[in-house]
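First chain A sits with chain B, and in the next complex the same chain sits with chain C.
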Partner chain A sequence: MKHFYLDKYSYLDSPVHRIRPVIKIVASFAFLIYVIISPEKWWNYSIGFLGLLFLIFISKIPFSFVVKRTMVILPFLILVIIFIPFFNENGIKIAGLTFIKSFLSIITLILLTSTTKFSELLRALSSLGVPRIIILILSFMYRYFFVLVDELEKMLRAVKLRSFKNNRFKTFSILANIVGVLFIRSYERSERVYNAMSMRGFDGEIKKL
Partner chain B sequence: MHIPDGFLNTETIIITNAISFGFLIYAVKKVNRNLHPARIPLMGVTAAFIFTSQLLSFPLIGGTSFHLLGGVLISVLLGPFSGLIIMSTSLILQAILLQHGGILTLGANILNMGIGGCLLGYLIYKLFKSTLFGAAIAAWITIVLAAGLCAVELGISGRVPLKTALFSMSGAHILAGIAESLITFAVLSAISKIRPDLLALEKT
Partner chain C sequence: MKAIEVEDLHHTYLDGTISLKGVSFSVKVNETFSVIGPNGAGKTTLLLALCGLIPFKGSIKIFDQVLNNRSIKEIRKNLGFVSQDPDDQLFMPNVYDDVAFGPKNLGFPEEEISEIVKEALQVVGLAGFETRSPHHLSFGEKKRVSLATVLSMKPKILLLDEPTSNLDPRSRREFIELLQRVKCTKIIVGHDLDMIVKTSQRVLLLNEGKKIAEGETLDILKNKELLEANGLELPGSF
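And then the complex of A and B:
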C-alpha cells in the first residue's frame, strides 16, 4: 500500500544532514526561544528568515514541500484574523507578528526533521535526557503507525465492498466499531511483539550491540 | 486545536510548560514503578493506535466531519497516567514530524488535551462509578474544556479577545464534544462485546 512518508527527505545527503543531531536539536530549540523573546523588529525576523532560507537551499529540501508543510498554521491564523474586528487598531500588527513568529518556528522544525533521520533524532533526544519510556513509545509509534494504517485501510475497504450506501448513523457506528476492533488488534499485536522481543532478551531495556 | 509556535507569549509558554512537564514527569515516575516489560510494547502500539484512529474522520451534521481525540478512551483502557504519557508522545510526534502544534507550545497542548483529556477525564469517569455512560460524559467535558483552555491561552497571550474567544470556541466544540462522547461510548461498548477482558487491563 502507498503511504506518505513522515520524514522522507531525511535520507538525502548534504552538509546540513551531516551535522550531529544533538547540535541540530539544541540549535533549533535555541532559535525557537530566540524567535519568541527577541525584539519585535523587521530586520531581526528578516535575518532569521534569510538564514533559514539559506539552510534549506543547501540541504536540498524542495521548497514546495516546505511551503506545503507551513500551511498547517493557517487555521490558527484565520482564528486570530476573525477576531481582529473586535480588537483595537493593534489587531493587524498582532496578526502579522503571530504569523511571522509561527512561520519562522515551523520552518526551523521542518528543517530539523527533514535533515535528521528519526532514529538518530530519538538517539539524540535520549542522550539529552528524555525519559526512556517516552523514547521507546515514540519508536514504537513510528514503527507501528504504518502497520495500523494498513489494517485500518483494509477494514475500510471491506466496509466499502459490503455496504453500498449507508445512512449517517450507520456509518458512524460502523466507524466506531472499526476503531474498537483496531484497538483489539493493536493489543493482540503488542502481545506478539512482546513475545518476539522477550525471546531476544528484552526486559524493559533495548539491548544494543 | 494543536497550537503552533508563535501563538503564545512568553509567560503563557513558561506557565503551561511548567504545569505539563511537571505532571508528565510525575506520570513517568508513576508508570516506571514496577513496570512490567510487556507494558512497553502495549503502550507503544496503543499510542500508534490512537495516532491512527485520529486519522479517521467521522461524518457529522452537514458536510462537517470530526476526528477522535481519544484522551478519555485511552485512559479508560490503560489508566490515566499511561494515557497522559501516550497522549503526550502522540503530541510530540505530531509536533516534530508533522508540525501539528509547536515545540514551545507543547506544554499548552499537553495541558489542553493530555492533562484535561486523560487525568481529568479519568477522574470524571471514576466519579460516574466507571460506567460507559461516565466515559461518554467525561469525553464531552474534556473536548469542551480543551477548546476553552485553548481560547484562554490564546486570550492571555493577547492574540484573541479572551471573552469572545472563550464563548465562541467552547460553543463551537459542544457539537464536537457530543461526537467524541458518542464515539468513545461506541468504541468502548464494541470492545466490551468482543474482548470484555481488555476493559480490565491494569490501570496506571
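And then the complex of A and C:
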C-alpha cells in the first residue's frame, strides 16, 4: 500500500526543494529565533508572513495542504493561549502575539518538512551534530509509522466488515483490543527487525547514515 | 568441506512448544538446498537457528566452524538472511541506506560502499532506486531490495525464508530467475514447490519438527504419497 501522509510534497522540484537541506534547516531555525525575539511590530510579522507565502508559492506546495496541516496543530495552540487573558493585565495582547508567533513558526516548519525528503532531513541533522541515536530513532519512527498505519487500517477494515450493530460501548472495547493487538504486533516486529539488523552486522554501535 | 553441517538439532519455544526434534543434514558448497514442509513444520525455526538467532541444542557447523556465542559474529559475516516480510528487512528511511547498512557495519571502506550498493541494486534489477523510501515501493520491489541488502555484504551462504510468498506471477518468475543467477550456497525455506524444483538441487522434508526425508529434489518431489502424507502437493503441471 502507498502512503503520502508525511512528506507528500517533498518529491516535487522547485527552487525551494533544491536548496541544500543543511542550509534550509539553519535558515528555518534562524527565522524561528528571529520570530520569537523580534520587536513586536505588526509590519515585522507581516513581512515574515508574506515571505513565507512567497516561499510556499514558489515551492509549488498547494496552499490548501499548508492550511490543512496548520489546522492539525491549531487546536493545541488555542488550548495554550486561551487561558492567558485571564491571568494577565495585557492578556489579550500577549495571547495575540503568542498566537502570531506560533503561527509563523508552524508555517516555517511545515515549509521545511514538506520541501525536504525525510532521509535528507535526517542526513542534514546528523551533519549538524544531532546525536546518532536520535537520528536512528527518528528514522525508525518514519519507517515504521507507515507499516503501523497499514496494520491499523487492515484491522479497522476487518472490524467494519464484521460488525453489524453500532453500539458505542462495544466500539470502545473493540478499539482497546485493536490497540493491544497493535502493541503486541509491534513488539514482535521489533524482535524480527532486530534479528535482521544483527544479521547485517549491527552490534549496538550506530554507524553514520 | 561442507557449507553447513547440522547434527541432532533440538529447539523448544519458551511456552514449551517443541519445534525441532533432532534434525540432521548437510549442505555442500555452492549448492541450493531447500527445506520444505507444511505450516508449523519448524522450517523458519531451523533458519533462525542456523543464523544463531535462537538458542538450540545440538551442533551446527558452518564452513567447519562450530556455531556458538564466540564464533557467531565471525560466522554471520558469511550469512545473508532474507526474512519473509520485507518490512522487517528494510528498516532504514531509504533504499541506499538500507543496502549500505550491512557493508558499513562490516567495515567496508567508505569509498567502496556506494559502488557496492549500486552493484547490488543492479543485480536485483533496481538500478537507480537509491533515494526511494521503502513505503513507496511495491511488494515485489521490496522483496528484491531485501535481497540486495544482503547481497551487498557478499555473503557465502544465502538464507531465504519463503522468497516467493505473496508475489504476483510475474514478480515471482523474475525472483526465481534472480535466485538462479545469484551464485553462492543457498538455503531456501518454503512450500512453493514449483519454485523449489526450479532452483534447488537437494531438498529436506520436515514435518512436526522431524526430518522425514532428504535427497535429490526430483526424487522427493515425485513421491506423491510422501508429499501428501506431509501436507504438501505438487502443482498440477507436474
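One rule holds in what follows: the second predicted complex is superposed on the first by the 174 of 209 C-alpha atoms of A that agree within 3 Å, B and C clash if a C-alpha of one lies under 4 Å from a C-alpha of the other, contacts with A are read in each partner's own complex, and residues count from 1 in each chain.
Convention: contacts are C-beta pairs under 8 Å (C-beta built on N, C-alpha and C of every residue); 3 or more make two chains touch, one makes a residue touch a chain.
A quick note: this is a predicted structure, and the numbers were derived from the prediction, not measured.
**Student:** Could you look at A:113 and tell me whether it touches chain B, chain C, both or neither (first, second, both, neither)?
**Tutor:** Touch partner of A:113: chain B, not chain C.
**Student:** Looking at the overlay, what does A:98 touch: chain B (first), chain C (second), both, or neither?
**Tutor:** First partner only.
**Student:** Thinking of the overlay built on chain A, is A:199 touched by chain B (first), by chain C (second), by both, or by neither?
**Tutor:** A:199: touches chain C, not chain B.
**Student:** Counting only touches as set out at the top, which of chain B and chain C does A:139 meet: first, second, both, neither?
**Tutor:** After superposition on chain A, A:139 lies in contact with both partners, chain B and chain C.
**Student:** Who wins on chain A residues touched, chain B or chain C?
**Tutor:** B
**Student:** Given the touch rule stated above, what does A:189 touch, chain B (first), chain C (second), both, or neither?
**Tutor:** Both chain B and chain C are touched by A:189.
**Student:** Pick one for A:122: touches chain B only (first), chain C only (second), both, or neither.
**Tutor:** Touch partner of A:122: chain C, not chain B.
**Student:** Tell me which partner A:66 touches in the superposition: chain B (first), chain C (second), both or neither.
**Tutor:** Touch status of A:66: no partner.
**Student:** Determine where on chain A the residues touched by chain B overlap those touched by chain C, and list them.
**Tutor:** Overlap of chain B and chain C footprints on chain A: residues 118, 139-140, 142-144, 147, 189, 193, 197-198, 202-203.
**Student:** Would you pull the chain B residues touching chain A in the complex into a rising list?
**Tutor:** My answer: residues 3-7, 9-10, 13, 25, 28, 31-32, 35, 37-38, 40-49, 51-53, 55-56, 58-59, 68, 77, 85-86, 88-90, 92-93, 95-100, 102-104, 154, 158-161, 164-165, 182-183, 186-191, 194-195, 198.
**Student:** Residues of chain A touching chain C in their complex?
**Tutor:** Residues 2-3, 117-119, 122, 139-140, 142-144, 146-147, 189, 192-193, 195-203, 207-209.
**Student:** Give every residue of chain A touching chain B within the complex, in rising order.
**Tutor:** 6-7, 28-29, 32-33, 35-37, 69-70, 72-73, 76, 79-80, 83, 86-87, 94, 98-106, 109-110, 112-113, 118, 121, 131, 133-134, 136-145, 147-149, 152, 168, 171-173, 175-184, 186-187, 189-191, 193-194, 197-198, 202-204
**Student:** Across the complex, what residues on chain C touch chain A?
**Tutor:** Against chain A, the touching part of chain C is residues 48, 51, 53, 73, 76-77, 79-81, 83, 85, 87-94, 97, 101-102, 104-106, 131, 133-136, 149-150, 153.
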